[in-house]
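Can you keep this structure in mind? I'll have questions shortly.
The chains carry the letters A, B, C and D, assigned in the order they are written, with residues numbered from 1 in each.
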Amino acid sequence: MRMLINVPETVVADALRGLAAAHPELTVDVERRVVVRRDAPVAGKVALVSGGGSGHEPLHAGFVGPGMLDAACPGEVFTSPVPDQMVRAAAAVDSGAGVLFVVKNYTGDVLNFEMAAELAEDEGVRVAKVLVDDDVAVTDSLYTAGRRGTGATLFVEKLAGAAAEEGAPLERVEAVARRVVERSRSFGVALSACSTPAKGGPTFDLPPGELEFGVGIHGEPGRERRAMMTSGEIAEAAVDAVLDDLRPADPVLLLVNGMGGTPLLELYGFNAEVRRVLAERRVPVARTLVGNYVTSLDMAGASVTLCAADEELLRLWDAPVRTPALRWGR
Amino acid sequence: MRMLINVPETVVADALRGLAAAHPELTVDVERRVVVRRDAPVAGKVALVSGGGSGHEPLHAGFVGPGMLDAACPGEVFTSPVPDQMVRAAAAVDSGAGVLFVVKNYTGDVLNFEMAAELAEDEGVRVAKVLVDDDVAVTDSLYTAGRRGTGATLFVEKLAGAAAEEGAPLERVEAVARRVVERSRSFGVALSACSTPAKGGPTFDLPPGELEFGVGIHGEPGRERRAMMTSGEIAEAAVDAVLDDLRPADPVLLLVNGMGGTPLLELYGFNAEVRRVLAERRVPVARTLVGNYVTSLDMAGASVTLCAADEELLRLWDAPVRTPALRWGR
Amino acid sequence: MYDGDFAVRWMAAVAVAVDREAGRLTELDSAIGDADHGANLRRGFTAVAEALAKEPPATPGGVLAAAGRRLISTVGGASGPLYGTLLRRAGKELGEEPAVDREGLARALAAGVAAVGRLGGAVVGDKTMLDALTPAVAALSESFAAARSAAEEGARATVPLRARKGRASYLGERSIGHQDPGATSSALLFAALEEVAEA
Amino acid sequence: MYDGDFAVRWMAAVAVAVDREAGRLTELDSAIGDADHGANLRRGFTAVAEALAKEPPATPGGVLAAAGRRLISTVGGASGPLYGTLLRRAGKELGEEPAVDREGLARALAAGVAAVGRLGGAVVGDKTMLDALTPAVAALSESFAAARSAAEEGARATVPLRARKGRASYLGERSIGHQDPGATSSALLFAALEEVAEA
């Protein structure tokens, strides 16, 4: 497998060096793997800390900055970070107003963030946690580790981040985050496997003419394999899977997310089909974001995330954000 | 080949529908393939029009908006647009202050924009043209169609766009664009071929353990094939190829550009190496942009573009921009 | 003598040939270009055939000029303006004549080829469509068959050449050993011409 | 009786085994997970072996607790906290004793396994490391060899199971037919233990 890397062992450290070089507005501790907005801790502000395995860029480090995360903890590729990182991040960003951990629902992330929360609280930091579990592909969640956290993470980080930036106290910020989780659902497909540096090649073989249906963002196979579908058919299946679980009473925020290897040209075309289907299902769309935001290295494929946005969430969405990967408003 | 498309024939139209749905701040004529900033023509402002084959997204349509392009004309995949599109775009954005065509140096783009300029002038629009030719991989340009236009296109569109937004007259805007071209050079490598919808598969075969050295952005093979190199070695080769041609007296703008299929994780790691090499060569970096901006569908690989930025260019770089793909400042 | 209807049938035959050979043209373009030449010409000549079927101009000059304009506004790429100019210029050269003989057609196409040379700045030997077009129009004063085989011969002769114009020139030495897609499609133009003339 | 030095050698043997088998573990994880289990444990046990080589605690309890802490702060993923808790809990259970017999080791590890169950919420049959760990600690009161073979048997027995915990559970039916990577690495732990004990 050909990758633009030095050696598999240093990919995360190399990326953090490159992130630091490109973004002077971030403080990057390459050694300890913590990315912090430069002006942290912001007096009186609740801080948001997230993290997870690397390989999903720009998530999470690309979302550090005013209006979104205060710190991110990147783990090894597809491996949740260790508690030490989160404790250090919490200490670096806590102004005394408390810290919200945004955790994607994977066993590894959950366990490591839990340990970190205990340790941080021992050090006197008030910690709240929100678990993101939006992936409707995982249906029988009683018999699994629960629904996975995928695209909705972006919504949680943006909306709770905006609430924190407005000065909301920890309980409010946590409540916003929870509301976003409750109101968000995702579904994804993969048209190819991704290649991890550790494995040095594709994480699974996909026979020609097939696709993986209902995938996560870790290069794992999907819930089922299906015969290749058109963009329009995939949009129908994905939107309907989401709407089966989420009957939005409000206009939605729509994220049409690329897994990394699908060209933007195709992603925009897919957005057209998703919008067509949503219109047919009479779901009004308030805001749309199209791009590679929650990726799975070079996996080809896409996911659809909807968040039923009440007026407050819409206002928080439109609030200014200033991070490497998401940026608007003042 | 698995692609997230309906049929190859409609990929560009589908993408434009999706672009329109995601970006109400753009006016998208899907039928005629012209993307215009909604508030065009802006009274008294020189207008920038660019365009080229599709498959390089976000270039150019993703750069339409205040502070950058007034209109973009997307052609078929890897096929320059036709003169009708450019004439229509010019008519839509000309406020009377004139129009600058930003043209990448490919035979097709050059010929079609030339025809368009004649036709637009016949209709009373003042047209200036700037040819972007930054790719140093094309060395013996006397015996070729000249150097290709690649990453520097982003610099030209941003910097000339900022000059136009400030109210500079056509001659000034054109002069800025020319200065950027003179001061910008690029070099790229590919770690995989891309797959075009028309071909339905990779545009060339790359044996394992090799890379294409000195590639453009159209899925064509490079100048030579080399044994696979590390990220650090590629950075050295690319930076040195650029510095052979461009001896920057000023701090540079640096674009570390992904070709589409290389994960952001790798791209940031590559940026670390590029910065290391630039530091070793004593070239100070004023600003850095890392991401997939001038792509070649799903090609894996990256390019390095440097622009020697004098004070005016630096000021224009920092000026506000508000487009789908590039956005900062007010 | 060849009239407007003949020119329409020529263009229709080119559309059929290009459609049939689109895969091969794209394959050739994928080796030393960007894998779109087949799709480009198919799009263009389909549009030409449709337009001519709907509103066929009366004269051969009118037909070729209309075909050229249509190519320019539907193809894009390098081949759009170049083939467009070839036909538009040839059409203008033929003027309002209701019909033309083979000699006249050869002269008009020669003017078109010269315009292609001026527009693209290429000369014979640069591994472009000119390598097929130039010998073909020269041979056309002899016969349709001679033109066709000269074009095919010219296309084949591009294989050992190093490209100096167009996208293939970026490949330098690596362009050697591949047949130029534009020269190949030019040969289709003259094969279609012979076919329609002999029919 | 097994002392601190014995525990250090055990952990070093695990590090060697995990390093040797990393490819296989990753391969198994790639079938029903995210292809990192080998790299995860290699990173973790390399760090453990290094730390213990530098500053070896005097007691077996101290060694296991230190190893567990080191795993927690270097591995990440699901296996980091789980294996970390296994060893940390077992180490705490052993307390300050300078040496311990096989029975005592079995009791301490049983406490560790129970803690893993509480932390991860899995039970035997969920296709996790518990499927190897649980029978192995039970058999350890018999002999090191029995523990090793029970672990290996337990790991093999995960093949026909449908995963209900961890990442493999997302695959539902598709997790059937693959051996669980965590159960496989657990078997390496007990193979290393037997190896060091018999040496």
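Operating definition for what follows: a contact is a pair of C-beta atoms (placed from the backbone, for glycine too) under 8 Å apart; a residue touches a chain by one contact, two chains touch by 3 or more.
Note that this is a predicted model, so its numbers are computed, not measured.
**Q** Using CA atom averages as chain centres, what separation in Å is found between chain C and chain D?
**A** Those two chain centres are 72 Å apart.
**Q** So, what's the distance in Å between the C-alpha centres of chain B and chain A?
**A** Taking the average C-alpha coordinate of chain A and of chain B, the gap between them is 29 Å.
**Q** Give, as an integer number of Å, the spacing between the C-alpha centres of chain D and chain A.
**A** Here the centre of chain D sits 31 Å away from the centre of chain A.
**Q** Using mean CA coordinates as chain centres, what's the chain B-chain D distance in Å?
**A** Roughly 53 Å, centre to centre.
**Q** For chain A, write out the residues touching at least two other chains, lowest number first.
**A** In chain A, residues 77 touch at least two other chains, as defined above.
**Q** Could you draw the chains as nodes, link the ones that touch, and say if you get a line, ring, star, complete or other?
**A** Contact pattern: an open line, chains touching in sequence.
**Q** Please give all chain pairs that are in touch with each other.
**A** According to the stated criterion, the contacting chain pairs are A-B, A-D, B-C.
**Q** Which of the residues in chain D end up touching chain A in this complex?
**A** Residue positions touching the partner: 26, 30-36, 38-40, 43, 72-82, 119-120, 163-167, 169-172, 174.
**Q** Enumerate the contact residues on chain A facing chain D in the complex.
**A** On the chain A side, the touching residues are 8, 53, 75-84, 106-108, 111-112, 114-115, 137-138, 140, 143-145, 148, 196, 198-199, 203-204, 216, 218-221, 223-224.
**Q** Which residues of chain B touch chain A once you look at their complex with the stated criterion?
**A** These residues of chain B touch chain A: 2-7, 10-12, 14-19, 21-22, 54-55, 57-58, 62, 77, 191-192, 206, 208-211, 228, 230-232, 234, 256, 260-273, 275, 285, 288-290, 292, 295, 297-298, 300-302, 327-328, 330.
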